[in-house]
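The following pair of complexes shares a single chain, subunit A, combined with subunit B in the former and subunit C in the latter.
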Partner chain A sequence: MTENTLTLISFALTMMVFSYLLGDLPLIRHLYRIAVYIFIGMSAAFTLIVGYENLLLPYWQDAQNPAISWTALGSQADIVVFGTALLFTALLLLKPVTRLGWLTNSILAVVVALGAAVGIVGALRGTLLPLLSATASLPVLDAELGALLESLLVLLGTMTALYSFHYQASSSGEGTSFGLGKAFRSIGKACVVVALGAIYAAAILSSMTILTERIAFLFQFGA
Partner chain B sequence: MKGWRTVGASIAAITGFLVGFTALLSLLLGDNPALFGDDPQAEALAQNLALPGAALLRLLVIMLALSIVIGIANLLLLHARRMAGGRLMSGILLASFAAAIGWRILLPGEVSLLEAIQLPIESALAALLCLTLVAGGARILTKRSDIWGLLLVLVVVVVLLGSLPFPELAPIAAFSDWLMRIPAQAGARAILLGIALGSVVVGARALLGQDRSLRG
Partner chain C sequence: MSDDYSWLDEPPPEANQPSASEPASQRRFTLRMPRFLSRLRIRRRAPKAAAQPSASASLLGSQRERPLTELDQRLKALRERSLAPEPRDEWAELYDVDQALSSPALQEKPGGVISAVALSQAQQAQVDLLTEIVGGQSNPAQAPARRSLASAASQSLPSMSRLLTVALLLLFVALPFASSEYATGALPPADFADDPQANAYFAALDSLAPGDYVLVAVEYGLGAAAELDALTDLTLRHIFARRARAIFATSNPIAYLHAQNLLENIRAQSAQAGLRLVNGLDYLLLDYLPGGALGIRELSENFADIARRSLRGAPTSLPIDSLTGLKMLVLVADGLDDVRNWVEQALPEAGTRNLYAATSLAASPLTRAYVEGIDRFAGLVVGLRAAYTYGAMLDAALSVDAQAPEQIIEIADASSSSASGTSPLTPPPSPSPSPLPTDTPRPTSTPTPLPIDSPSPTPTTAMLRIVEVTSPQSPVNIRVGPSTAQTVLGLAYKGDILPVLDASADSSWYKVLMSNGWEGWISGNIVTESLVPVPASGGDDSASLTSERTVLSRFVPRRYGKIEPRFSQANQDPSSTLGAIVQLRERAEAAPRLQALTMGTVAAVLAITLGNLAAAIGALFRRRGGRA
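Up next, the complex of A and B:
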């Protein structure tokens, strides 16, 4: 396919997606849906290709290679791990058979428990410990006053925001609130709202950059 | 029947607990020779402790990859049935899937189809997101006109204005920078800490077999 044909296809698909902005007009509304269905089909194909070429195939080749071992127990153990994964996945297909519920649920439990273990380790090592140490580490007292003040403000903001989560969770159903607690809750909530606003603005900025790129492409094609 | 179901749920819960706890201990404590103090074999012991975690993690990754394959097969079967029922859109989906796979088999390494079809649709959809987000921001003001909705929109406007390269807007840019450095950072840290604490609690519930989906 020539480059011009590919550019023409890109142009047509971009226009088809942008036809969404015209609303629910007859015929036009199908253009957006066609583009989305093409996108889903292509995405499924590329996911399959990436999953096969970058995960399954290299793992299988590694398992057969005696020089490489994931488990340090030799390639025989790797083949056993690969075979077990294949067997477990095949058994998961028997989920609709109610008599084998104990078996499929046990395999599902293995997957869920492994996911939970990875999640716990990731949350502890990747988020909780680094963030807690970053929040609690204040600059030394002889450092610049501005930096010390900023660190204290971030610490205060984080604590009040966490307090506002806790306050909301425990106060549902009861309307009593104390002055200091309410003030802490308001400061914390303000910090959370500012963070969400900043994230929202960043998302708008990113999508605006892509929008300008697409509009530039359309103009470039027209010229 | 109910008794069998309880036994089945117990088997699933015990299996999940044993495997999950082994993986958790191995991932947390493995590859850390300091745990074994001055033992001359500390290095080897730490590596041995990391072995079950590595093997189980590999098992999980392969199973997830295979699950994706099964999920895609299910999607294709569903749309094949719909196409047989006369739905043209499902036919388009299947044709685009077949075209991408065929392209990959016939022209390995060639990415022009990805650049001509996948990227333009993805970019156009992401560009549409900009308009949707702006419309959503305007809707916040009409639907939720309290102080928090107003603050959210105000922060969005300040950050957007602060990102413009006009010297006249330097004070707004400085204020936006302060907002990002102090309150936004504090809020984001609290949100992340909340997510992490939630993940740990949900993970612990799953490990202890409290997850409803495993009870059969």
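Up next, the complex of A and C:
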């Protein structure tokens, strides 16, 4: 396929996606949907191909290679691991058999639990402990004023934001409270709004970047 | 029987009338369809169907009611409670919930279980609103006539405000591309002086030494490609320009596709300057890592096993067996989850190695907050603006840092080199590297680090094909391709000897290796071809590309120094061979895209401001109209 053909296809797909701007019109809406279906379908197909070529096929070739097949594994432990993996794979392939659902589900449970365990260990070692360490080394009173104010601001924002999620209504039915709690809640809500606004604004800018890239492509295509 | 269930399609007439006894708290529930909900209305394709009892009503109507005597005590109690609802205690705690979520009272019919529902005005308003949202018909008697096709089409057309917003946004974004006169907004600074994290990212890559290994993890999808491709591209060029080696890994197949496309582009552009980037030599793509965090964990703990084989299944022989053998880890990601996965799973296994990241703007707020306290997370660049500054810094660094090409240390994937039929750039430094096994079977144990600079113990004699410039008209041109129409890459003088890498079928053109490491084509009419003996290494004098590279690197020509490479672009430093990898990148759209980003932001702010202003003015007029 020549480069010109690819460029033409890219142009057509770009215009099909941009047709969404015209709204939910008859016929027009199908253009956008077709483009989305193509993107999703091709992504899924590519993922499938990568999975086949990089996971299934190498293992299949290894299994057929007498030099590295399971019979030539180095130790009994390797054979046990290989056999267990083979057994799990075979059992997972029985998923369509409804009567054996309990069996495949139990294998899935092992896989999910393994993932959760890895996640927990990683979270502890990679995130929680480093963050705790960093928290313990926050600037104290002898630090410079800017760092101290920043730390206090973070502390205040965290506490008030957490407090703002606490829902309590008075028995009078008005659902409001007065005083320090209300002030804390207001500050917390303001912090949440600012944080969400920052995230939303960054997401809009990211989207705008995509738009500029497509517009640049259209201008290049026109030139 | 159908009368008993008429409430499903038509409320009791008295329910639509305001009741004097109704509390004020319920009367305030007079609801009006919000504008955003009115746009979501489903078109009624068959208005007649709404006049008929619904399917559920028909189904219910066809059932025979059981007499009260057949009901068990539990259902009887429930019925009694429905007929005489009492406020629940918990509703007093959750104010307004009793009005918003209260079930309607049932009207009793002698001998029947259900007769009708007595809706309050507030409940009827809510029913009307829901019915309107889902496109139903609350009261068939008041149903309008079938709408005309034109009316239906007008309902489908986008609103004028939406069209105006889109037009405004597209106009502003397109203006910088149409003409530089309309471009506005300052471009990013020329350095990262105000961004220590980004500065650390650049400095770390700039400090790479030849032969360093960098793990480049690409974890972004289609949505962020327009933003992160530029940063990935610059990161790779920086690594290659420092003669370091990039080892790719990812748990995202789409990201791998992007990385390979970028690599192909860099390879093609480098080839224009006579530089070759070879898969398995200058970069290596590891197997796709399935399972997200699990895959990254597997790579971190069993790096040697995974690195035995490249993405294309070719055996590799990396002289490192764990993440600690790397110089650094670089992550390009479009979300906090990917950053967190690599920080949690890979960084603890990387010893003292640092992790540097490039993220999209959308991911930056959370990422910046997350990495603030992470030890060994040493640098972060964000978005397209950072890419612009990074490119400017890279240009400046490589224009003044014109280093000579370093020797290449082969690391892997000889099969890919053989398949490509090309030999990588090998400038003539000494000593030469030892050739590595080209068809190594998959090892069953951890590979040992390979000797890099040890000379070959049993040298043999090999013949090298050379050409000598014999033209009386000196200097002669060395061109990019085998044609006089190709761009002139450099000059050679009478008496110059150049190693031959390739030749055209009729030997009318020779592909030669220039003294600065570039490759070019010289006409056969102005040179004389011959073979000269040179020592080869390792006893392997086969025609493999690996030994060919070794031979070339050991060859010392009689005369060098008068080859004058040049580019058509004036701003490139011709003495910076490796800088060509950076200099040859496409950069025409960088500034207009950034200006379009600024203009688009302005348009978005304008649209939001004007929209809110118009809504406020409209609300003001409506309020005044209501009072009048």
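The rule is short, and it goes like this: the second predicted complex is superposed on the first by the 140 of 223 C-alpha atoms of A that agree within 3 Å, B and C clash if a C-alpha of one lies under 4 Å from a C-alpha of the other, contacts with A are read in each partner's own complex, and residues count from 1 in each chain.
The criterion applied here is as follows: contacts are C-beta pairs under 8 Å (C-beta built on N, C-alpha and C of every residue); 3 or more make two chains touch, one makes a residue touch a chain.
Every value quoted in this text rests on a predicted model; they were computed, and no experiment measured them.
The partner of subunit A that touches more of its residues, comparing subunit B with subunit C, is B. Looking at the shared chain after the overlay, A:Phe39 reaches both subunit B and subunit C. Of the two partner chains placed by superposition, only subunit B is touched by A:Ala161; subunit C is not. In the superposition on chain A, A:Gly23 makes contact with subunit C only, not with subunit B. Of the two partner chains placed by superposition, only subunit B is touched by A:Gly188; subunit C is not. In the superposition on chain A, A:Ala123 contacts both subunit B and subunit C.
Residues 21, 39, 43, 46-47, 51, 55, 114-115, 118-119, 122-123, 126-127, 131, 134-135, 195, 198-199, 202-208, 210-211, 213-215 of subunit A lie at the contact with subunit B in one complex and at the contact with subunit C in the other. The residues of subunit A lying in touch with subunit B in their complex are 1, 6-7, 9-11, 13-14, 17-18, 20-21, 33-49, 51-52, 55-56, 59, 70-73, 77-78, 81-82, 84-86, 88-89, 92-93, 101-102, 105-106, 108-124, 126-128, 131-132, 134-135, 150, 153-158, 160-162, 165, 188-208, 210-211, 213-215, 217. By the touch criterion given at the top, residues 21-26, 39, 43, 46-47, 50-51, 54-55, 57-58, 61, 67-68, 74, 114-115, 118-119, 122-123, 125-127, 130-131, 133-135, 169, 171, 173-175, 195, 198-199, 202-216, 219-220 of subunit A touch subunit C in their complex.
Every residue of subunit C that touches subunit A in the complex is listed here, in rising order: 92-96, 156-158, 162, 166, 169-170, 173-174, 177-178, 221-224, 226-227, 253-254, 256-257, 287-288, 290-291, 293-294, 297, 309, 311, 313, 340-341, 343-345, 347-348, 360-366, 370, 372-375, 383-384, 441-442, 444, 589, 592-593, 596-597, 600-601, 604. By the touch rule above, subunit B contacts subunit A in their complex via residues 4-5, 7-9, 11-13, 15-17, 19-21, 23-24, 27-28, 47, 51, 54-63, 65-70, 72, 75-76, 89-90, 92-97, 99-101, 104, 112, 114-131, 133-134, 137, 148, 151-156, 159-160, 163, 179-197, 199-200, 202-204, 206-207, 209, 211, 213-216.
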